[in-house]
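Two complexes follow with chain A in common, the first pairing it with chain B and the second with chain C.
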Partner chain A sequence: MTARETRTLILVVVAFALLACLPLLRHGYLLSLGVDIAMYTVLATSWALFSGPTHYISLATAAFYGIGAYVVAAGIGTLPYPALVALAGLAGAVAAALVGLATLRLSGVYFVIFTLGLAELVRQIVTWVQNNFTGSRGMYVLTSITERMIYWELLALAAAVFFIGWRVARSRLGFALRIIGNDETVAAHLGINSAACKLALFVISGAFAGMVGAIMAPRLSYIEPSIAFTSELSFQVVIMALLGGVHRLWGPLVGVIPFTILWEVIAARFPTQTVLLLGIAFLLIVYLIPNGVVGRIESALRAAQRRVSHA
Partner chain B sequence: MDILITGLLLGATYSLIAIGLSLQYGVARIMNLANGEMLVAGAFGAFWVFTAQTLSPFTAALFVVPGAFALNWLIYRVLLRPLVRRAKSRGMLEVETILATFGMSFAFVGIMLLVFGGSYFTYSYLAEPYRILGSPYGLNRVVASAVAVVICGLLYWGVHGTRTGMAIRAVAVDPAAASLVAIDVPRVSALSFALGGAVTAAGGIVLSTFLTMDASIGVVFTMKALIIVIMGGVGDVRGAIIASLILGLAETVVASLIDPGLTLAAAYLLFLLVLLFRPEGLFGRRQS
Partner chain C sequence: MRERTVLDVQGVTKRFGGLVAVDALSLAVRENEMLGLIGPNGSGKTTVINLISGALRPSEGEIFLGDEMISEWPARAIARAGVARTFQLVRILHSLTVLENVMAGAVFGHKRLWGAAARKFALRQLDRVGMAHAADAPTASLTCIDEKRIELARALASDPDLLLLDEWLAGLNPTEMQIGIALIRSLREEGRTIVLVEHVMDAIRSLCDRCVVMNGGAKIAEGTPEATLADPEVIRAYLGVGHA
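Take a look at the complex of A and B:
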């Protein structure tokens, strides 16, 4: 480990330790905002792990999240909670593997279209199964888990995402993904199995979304198809990640914090206008900040450096 | 037999939205995910004409179709052309247009929610039985699919029987080669994109005569149109028509035999089969 990496590591550990103290402030609103930010951080960062290098836009987050929440709702009476979270991660991974096997061999468009309706598809199937076989639609998740515990669990999960992201970026897999993202034909000629690489990353992001759903289930407390599967979530995650920038591991975080706060404000004041906000955010990203805020800042810094060295 | 005819009637109306999207994606190379919103806008036009003006909903076509044509032409010129120009590869363009049209789709939904509110809108037009082979069907559905067949026929003639249509097909096959034979590719692309939007809006008018809609339902139709276009093969009018009929049939079969709540699952099953076995579409040629 180089000196620079050690310094970064210490900074990250200190930052996480400070963030873990947030519940000690005993500020209800701040804590609930903290939970939201931590949740979107995990979702957006794990989304960017897959979509950043490959440029495949996944809209499946809401489906995996909902599956995770349902695993908890279905098993809360029979299995211990930590086992359920692990099981939810597994369920998310399996779902992602199935979707990936069907679509990742093909071009990106097929993948986007398939994931676009995935949350709605799973919702229809779950509703149908519940209507016809189990009788009741909603399920209660009543636990003694408090909001601060949810916050700590999400924080731990965020640490895990960052660790995995850092490991992947330094591995052969990460290198292969960067080549695939630059030119898939070149990657194929180098003997990289691009479908398998993409699948591996997609499965990781699916597992994380499933676990997030499981962790959030006690906060929802009442689970029914229209609550667990909100396709809006998938779009929020995409916007946050792209807004921050997907070429750096910490890029999505830069988008998550302002967008979560903005979303809260808009949803509270103009609840019907969140759709318009999503639309404007997408257009802004494409036309004004295609590389995210982080990309903007980096190119500005580079320009400033060049000016200094020329002077 | 009932299921077969109901399915074919539904499929005929789907073919309009699929052809609209096919023109936009197959020729102008824009995967337009705001397609469904254009359809809902057209349906709103028909609703307004029928309830506020007490005219036949089809008269809405007089202003909806030219309006949608102009709006889509503007969208292509102002918003999408810069993306086409700056894209380094087909893949880059696809990612960017997908994000941009998602933005437009949400923005349209937001605007429509502001203007019309979030309630369902429906009206009763020609809701009387019409007998085919002894069984009754809604006259509105029969008229709607007849109108759809006429529009499809006109488009087929337009694309296969005129000079401009030939230019459109040439761009669909290869934009670079098309520009070598003095076809103004940007102009033809803009024309196809606008035409696609106009056809979709017309499809909205037709569908509104027998379906209940609301401001945020567009994405459902976008999804169906996408599945049809991929199943039929990108840029293939004949394939799109046949795929529409298959989708209409599959949805009707599932809705009447299993559960009306599972129509999307039926569409997905078809989509999955196509992806696994014929990703190039029913009539598409396998690329090397």
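Take a look at the complex of A and C:
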């Protein structure tokens, strides 16, 4: 490990330790905001692990999240909660693997549409099953798990996402993905199995989204398809990741924090126009800052450096 | 000279709909040999390179690399088996540094090195093509010859048994051309097995052991550069009927 990496690691550990103290403030609103930020951090960062290098826009987050939530809802009476979270991660990974095998050969636009349709498909299937076999559409998740425990779980999951992202970036897989993102023809002629590399990352992001759904289930407490499989979640994750920037591991975080806070305000002030405002935010980001805030800052820094070296 | 046959193309045809791009072509490349693949524009040379490297699959016929039949394999498997190539229009990985571009060949190809070993091996290849000084540079401001050298270094970094160069000398100015020809000659002297698609006749004459001439997808001549380039049918293919 280089000196710089050691410094970064210490900084990250200190930051996580400080963040873990947030519930000690006993400030209900701050904690609830913290849960939201931690949740979106895990979702957006794991989303960017896949979409950043491959340029595939996945709108399947809600599908994996909903599957995770339903795993908990269905199993809460029979299995211990930690086992359900692990099972939700596994379910998310399996779902992602199946979707990936079927669709990662598709080119960009088809992939986007398929993933968007997937959340809706799973939602319809769950609704149909519940209507026909279980009698009621919703399920209660009643546990003794408190908001602060949810926060800590999400924080631990965020640490896991960053660790995996860091490991992947330093591995053959990470190097392969950078090459695939540049030129898939060259990648193939170098001996890289593009489909397998993309699938691996998609499975990782699916597993994390599944676990987030499982962790959030006790907070929702009442789970029904329209809550668990809301496509708004998929769009929010995409917007936050793009806003921050997907070219750096910590890029999405830069988008998650302001957007979550902004969204709190929007949802409170304009509760009926949220989807419209979400769409506008999406357009603004794609047109004005396609490389995200981090990309903007980095190119500004490079320009400044050039000016200094020319002067 | 009874060297091992590295590449054996047997009766390969490639059709695109009704168009026959390659028509029952056979050719063999022996170890340490430099084979020139020449012919007028549109005669199917690049298609042959694409068939060998696995970018395309033959409609008919077989391709063998050593004893392995590779004609049904995907490009990535053929690359791992020891075939490396450059592209007619140079393909540099622009978000990677120069050294990383070359490392890509060492990490995933035939060679499969990682970490410091891959870095060292890639640096040697960069040095080999005269680009070691630019190892940590970004790829944005490279000249044409430099891009071509990096692409060549990337192909060499996989330590291929067979190297396919698709018009590697095209687009170079006269000074760069001299550097380029010298570089390919040095590869030949190393004993590399190379298939060279080229339009530059001086290069063909001075570099190749043997030539295969294609026209309209079919082989019309084969032999030493002197003999094939003097062949009346080859002259007719290049210059038209009146000149034979």
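Here is the rule we use: the second predicted complex is superposed on the first by the 311 of 311 C-alpha atoms of A that agree within 3 Å, B and C clash if a C-alpha of one lies under 4 Å from a C-alpha of the other, contacts with A are read in each partner's own complex, and residues count from 1 in each chain.
As a working rule, contacts are C-beta pairs under 8 Å (C-beta built on N, C-alpha and C of every residue); 3 or more make two chains touch, one makes a residue touch a chain.
Only a predicted model underlies this, so the values are computations on that prediction, with no experimental measurement involved.
Engineer: Touching A:186, do we find chain B (first), chain C (second), both, or neither?
Structural biologist: So A:186 only meets chain C here.
Engineer: A:110 in the overlay: touching chain B, chain C, both, or neither? Say first, second, both or neither.
Structural biologist: The answer is first: A:110 touches chain B but not chain C.
Engineer: Which partner reaches more residues of chain A, chain B or chain C?
Structural biologist: After superposing on chain A, more of chain A is contacted by B.
Engineer: Who does A:174 touch here: chain B (first), chain C (second), both, or neither?
Structural biologist: neither
Engineer: Scan A:102 for contacts with chain B and chain C and give back first, second, both or neither.
Structural biologist: In the superposed model, A:102 contacts chain B only, not chain C.
Engineer: Now for A:127: first (chain B), second (chain C), both, or neither, which partner does it touch?
Structural biologist: In the superposed model, A:127 contacts chain B only, not chain C.
Engineer: Applying the touch criterion given at the start, work out whether A:295 contacts chain B, chain C, both or neither, answering first, second, both or neither.
Structural biologist: Neither partner.
Engineer: Of all the chain A residues, which ones make contact with chain B and with chain C?
Structural biologist: none
Engineer: Report the residues of chain A in contact with chain C in the complex, numbered from low to high.
Structural biologist: Touching chain C: residues 172, 175-176, 178-179, 181-183, 185-194 of chain A.
Engineer: Can you tell me which positions in chain A touch chain B when the two form their complex?
Structural biologist: Listed in rising order, the residues of chain A that touch chain B are 55, 57, 102-103, 106-110, 112-114, 116-117, 120-121, 124-125, 127-128, 131-132, 235, 242, 272-273, 275-287, 290.
Engineer: Show me the residue ranges of chain C that touch chain A in the complex, using the header's touch definition.
Structural biologist: For this pair, the touching residues of chain C are 53-55, 74-77, 79-80, 84-85, 87, 91, 93-96, 100, 103-105, 107-110, 114, 154, 158.
Engineer: Of all residues in chain B, which touch chain A in the complex?
Structural biologist: Residues 31, 33, 79, 82-83, 91-92, 94-96, 98-100, 102-111, 113-114, 118, 216, 219, 223, 226-227, 230, 259, 261-262, 264-265, 267-268, 271-272, 275-276, 279 of chain B touch chain A in their complex.
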